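There are two complexes below, and they share chain A, which is joined by chain B in the first and by chain C in the second.
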Partner chain A sequence: MSDAVSTQATRSKGLKQAFQRFPFLPALVILIVLLVLNGYFQPRSVSLIGLTGLTKTYLALMLLAVAQTYVVYAGDIDLSVGAIVSLVNVVIVVLMEKWGGSGLSVVAAMLVGLAAGLVCGLINGFVVAALRLQAIVATFATSIFFTGAALWVLPVAGTPAPAAFWRTYGARFFDIPFVFYAVVVLALLLYALARLRLTTQLLAVGDDAQGAYQSGLPVTLIRMKGYALCGVFAALAAFCITGDTASGDPLVGGKMTLYSVAAVVLGGSALSGGYGTVVGSVFGALIIGLINSLVYFVGTPSEWQNLVQGLAILIALMAGILVGRRAQ
Partner chain B sequence: MSKLAVSGVSKTYGATVALSHGDLTLEEGEVHVLIGSNGSGKSTLCKIVAGSVRPDAGEMFIDGKPVAVSGPQAGRALGIGIFYQELSLAAGRTVEENICLPDMPVKAGLFVDHAKMSARAARYIALFDGVTGAGFSADATVGSLRADQRQLVEIMKTLATEAPILIFDEPTSALDRAQVDRFFEILNRLKGEGRAMVFISHRMDEIFALGDRVTVIRDGRTVDTSRIAETDAATVIRLMVGEQGELAPPAAPGEAHSDGDVALQAAGLTSRGFSNISFALRKGEILGLGGLHGQGQSTLLRALFGAHPVASGQVLLGGRQISTAAPADAIRQGFAYVSGDRRRDGVITERPILENVTPIHYLREKLFFARPGALKEKAMPAVDSMKTKFAGFSHSINSLSGGNQQKIVIARWLIDRPDVLLLDDPTKGIDLAAKADLFALIRKLAAEGMAIMLYSSEDAELLGNADRILVFNGGRVTRELTGDDRTRFNLYQAAYEAA
Partner chain C sequence: MNAAAAFIRQPLSIAIALIVALLFLGEQLSPGFASPQQILRLLIVAALLGIVAAGQNLVILGGREGIDLSVGGVVSLSAIVAGNMMNGLDSGIPLAILACVATGAFFGLINGLGVTLLRIPPLVMTLGMLGVLQGLLVVIRNGIPSGRAAPGLSEFVTQPFLFGLPGIIWLWIAIGVFMAFLLGRTVFGHRIYAIGSNEQAAYMAGVPVKRVRVMLFVLSGVFAAIAGMCLLGYSGSSFANVGEQYMLPSIIAVVFGGTSLAGGKGGYTGTMAGAVMLVVLQSILTTVNIDESGRQMIFGATLLVLMLFYGRGRAMRA
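Here is the complex of A and B:
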């Protein structure tokens, strides 16, 4: 009897520790449930082709959620990530066209795009961490500024991306779609980045900024680095959007901003900072993707789709909290 | 030559003088004790030395060379390690990450070297082998630890700096006996290695067991430094009290209230933060809660007000047993609560004064609609009794000084008279004139028959206004001071005695 009680106690303690260490576990559970539901209503959606399409469409959001996570770690937020995506999208499309669309020009344009993302991130980091403006308002302002820059680079949507670019994004190598290679590279990258000293420092700042400062951490510099990393990942997200839509659009990323925040929260990270994982945010982005496709597969009439989508995201959020709380 | 010499440092925040004149010398191989009452400036002095507070004036020398500590990073570079009283830990990180946080070992300049980090943390965790308690491990998150275990992590983090100068600002307040003994063994060894250490504690026995010299700090001034061997506890307490305190007559009122009816009675109240508290409060009486910061006084007042859960015990209001699950219950039963933390508990910022005077009236009268004119008529006498200076009810509360804001907050309780007024350090950050007005009003309310409980972090306020003082220590009432016993000396002695 007492044995049974103690094994149960240790088991619940082990579970609690697992949730402590892997805050994304509730998101993983929801993700699996959604995959099963998708497969039930539309068996083809969990085939190789179906999953390729899902990844192709939502890889950009996954990367953007990762970008958002790094600033959320430190208790900050970046409402300009979508605008950065738009800006990088039009910059690379315009440059590729200008430079002739050859393989080399594509690579060169992408390097410029990465630099553009980095600069945007540094600007955000400067206004938020160095000038100490409120992150939520300051990055809202820079988002308008970045959108303005994007409209200056390309006033109207429509310039096509060169075939070399989007064909690669949709291609298969050795019978495996390109996007899956991209996912593997992303996983390795996230694995490495999780071991960065910067990651620990960002989380420490998000946990208790005063404590981190008193411990002798360069808090301002750490927060700026977080925004810089966010800018770079937003640029990577822009590459995926460009590969998926095959054209330049100065407003393409705008509506993704709050989806990226939602993905971070769905993934189990705390918006107040100090707690979370990038893996969770990737799962969060996939949850949003799967909800969208599920709403479609169950045959929701088009005029009801937004309503059902919104409800489903709310339910996923609540489920995540319930699963997490039960474990604690 | 002294390892560290600080002379004439001061720090002012707005109108509050945190430290008016701090002198300190620190030799290699000594433990230098800093002692002083609540808010006397000990922590400020430590933070100035460590660089996390920048002084307004003063000089600092290390090994005889003048230094300017521009921030905590610079302080560490100069060889100063500090244990912060409020701790500087990241709750979501593991024990080993926290220990190594200020100086993470890295591979390739970018990545955390986990093996090195674990090895380094393990050295400091091993120092406390056997006394860390259940659930403590290198990879446990700090947020999952108990208060004493967290304090140990902060100690380990401080030791891991391997700095020649170590400052410990109340490192033992949550530790148990075995942990303290182990910690003192370590400090004695470090002393042998020639480290220079500052140690703050409010436990007299610890100070005499460990210290080499003691510096007494009073009202923001370092007043005396002497060798521990050449002094005793009574002398130290006398220095903390100061001469004016010894000569000052005990509190003004002092009338016997034994004839008044009992308004509020508590029996065996226990909760997280205090245990087994019993008292009887009579109508017209001001009952003071004394002792060091955070010994359960505020928590008790919040618990009576329904803002902190009570585990066991009884509360009788006017002879009737009551339970208050939420402040709204307590207010309807006749409790009022005024806290010194105006931003959290009092003022509705940016809103007009009228809205700040009337919320309790709305609640108690269950008002849904109200005419501003009628409200003003009700509010006027309450505000008048406080001698509040303001331009008009429609002005924002932010246009008032801190003292006048607090008067408005108190006035909101006076429209409908409460039976019991709970004052939780009500004069924090208020200028002297406003304080005098406040206490004149509080005494008037008591004379009119209101039962009042007063916690104040300023001992002079307690001694000058309370009819009786319950001295708190470690969440328990260790002594009750009445009549002529209400002296600073007795108050300090009771507060600083080992719990």
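Here is the complex of A and C:
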């Protein structure tokens, strides 16, 4: 009798420790359940082709959720990520067209795009960390500025991206779709970044900014680096959007901002900072994608789809927070 | 001398000074910008934003990272509900008011319960609610026509009513007085500041923290619903996501009014000035002859510069 109780106690304690060590576990469980449900209602959705399509469409959101996570680590938020995606999207499309659309020009345009994302991130970091404006309203203001810049680069949507670019994004190499290589590279990149001192520093600032400062950390600089990293990942997300839509649109990223925040929360990171993982955010983005496709596969009438998606995401957000809290 | 300096440092004084400066600048850029009719038109637009910001202000004052991202969705939904209830007839107005207030209160109540009982952070709860509301709008729009404003409602929002001012301005003034009374003179108002500045202490002192916070979200929904109805009167008919434009500007109006996003500090009078300031600034940019991209870049940059005047975070000290 007492034996059973003690094993149960140790098991729940072990579970608790697992949750603490891997905050993304609830997200992983939701993700697997959603995958199973998707497969049940539409077996083809979990085939290689189905998963390739899912990854192609949601790789941009995964990257943007990762971008948001680095800022959230430090207890900040970036409401301009969507505008950065739009800006980088139009910058690379316009430059690729101007420079002829050959392989070399594509690479050059992407480098400029990365630089643009970095500059946007640094601007955000400057106004939030150095000027000490409130992150929510300050990054909303910069998002208006970045959207204006995107409209200046390309006033109306429609300029096509060169074939060399989007064909690569949709291509297969040795029978494996390009996007899966991209996911592997992303995984390696995230692993490397997680081992950097910067990740620990961001989490330390998010956990207790005053304490981090008193122990000698350059808090302002660290927060700025978080925003800079966020800008770079937003630029990577813009590459994926461009590969997926194959055109330039100065407003393409606008709707993605709030989804990136939702993905971070779904992934088990705390918006107050100091606690979370980028892997969780990637899962969070996939959860949003799988909810959207599941709602379609179960045969929801088209006009009801948005409502059911909205409700499912709200419930997933609440469930994730409740489970995560019980574990903590 | 010190009192004068303190007065100048007040957010309200800053906002009013900036409004006057902006009006002067607008008049220089395009003569007639600061004419009485124009100012009246600006005030009507500002009233719409200001009414949404009233609810936002209450939620933010209540602290614990209080924020309501769902106001835009409630504004849109309320405009549709009102349009269908009255459908161009004055006789439908009372029912429309009831239906709108009930709609706003309902979604505010769910937000409030999620934030208090389940302890979901307000940003997450209201963000999720925004998604639900946007989905609901798609369903409603597919099933029924968007409806029209009753002539009486349009008149209330756009035509002079008393002393040359339209009814909506009087409504806004009334809301301003109500808010000042609520925050300054009632137990409920003091409790808002109490839970906003130190929730633990307020709880120990016997403040029903959860009930107060739920009420704040309900009020935010109701104010957004009222604004949605007035917006229908202003534009005649509702269109897709009319309310979206109010989500983040309502927060900026609150910040420009000197209310701290950390909660517990601030009031509504400043927010009213903040709403007017935002609208005047936007209006100046539309009168100047530059294209949309330049307008947005200047607007964003100006917002950042203006934010420097308000509650910047404290510098780190060892």
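Odds and ends about this structure:
Everything below uses one rule, namely that the second predicted complex is superposed on the first by the 322 of 328 C-alpha atoms of A that agree within 3 Å, B and C clash if a C-alpha of one lies under 4 Å from a C-alpha of the other, contacts with A are read in each partner's own complex, and residues count from 1 in each chain.
The definition used in the following text is that contacts are C-beta pairs under 8 Å (C-beta built on N, C-alpha and C of every residue); 3 or more make two chains touch, one makes a residue touch a chain.
What you see is a predicted model; the values in this text were computed from it and never measured.
In this overlay on chain A, chain B clashes with chain C. Once the two complexes are laid over each other on the shared chain, residue contacts for A:168 go to neither chain B nor chain C. When the shared chain is aligned, chain B comes close enough to touch A:207, but chain C does not. After overlaying the two complexes on the shared chain, residue contacts for A:102 are found with neither chain B nor chain C.
Legend: residue contacts after superposition of the two complexes on their common chain; A:275 is shown touching chain B, with no touch to chain C. In the superposition on chain A, the chain among chain B and chain C reaching more residues of chain A is C. With both structures placed on the common chain, the touch criterion links A:197 to chain B but leaves chain C unconnected. By the document's definition of touching, neither partner reaches A:47: not chain B, not chain C.
Within the three-chain overlay, chain C meets chain B in a clash at only one of the listed stretches 38-46, 164-172 or 182-190, and that stretch is 182-190. When the two complexes are superposed on chain A, the residues of chain A that touch both chain B and chain C are 210, 213-214. Within the complex formed with chain B, the residues of chain A that make contact are 20, 192, 195-198, 200-201, 203-204, 206-208, 210-218, 274-275.
On the chain B side of its complex with chain A, the touching residues are 50, 52, 71-73, 75-76, 82, 84, 87-93, 97, 101-104, 106, 110-112, 114, 141, 144, 157. By the touch criterion stated above, chain A contacts chain C in their complex at residues 79, 127, 131-134, 136-138, 140-152, 155, 209-210, 213-214, 219-220, 258, 261-262, 265, 271-272, 303-311, 313-314, 317-318, 321-322, 325. Against chain A, in their complex, chain C makes its touches with residues 65, 67, 69, 114, 118-121, 123-125, 127-136, 138-139, 142-143, 248, 251-252, 255, 261, 291-301, 303-304, 307-308, 311-318.
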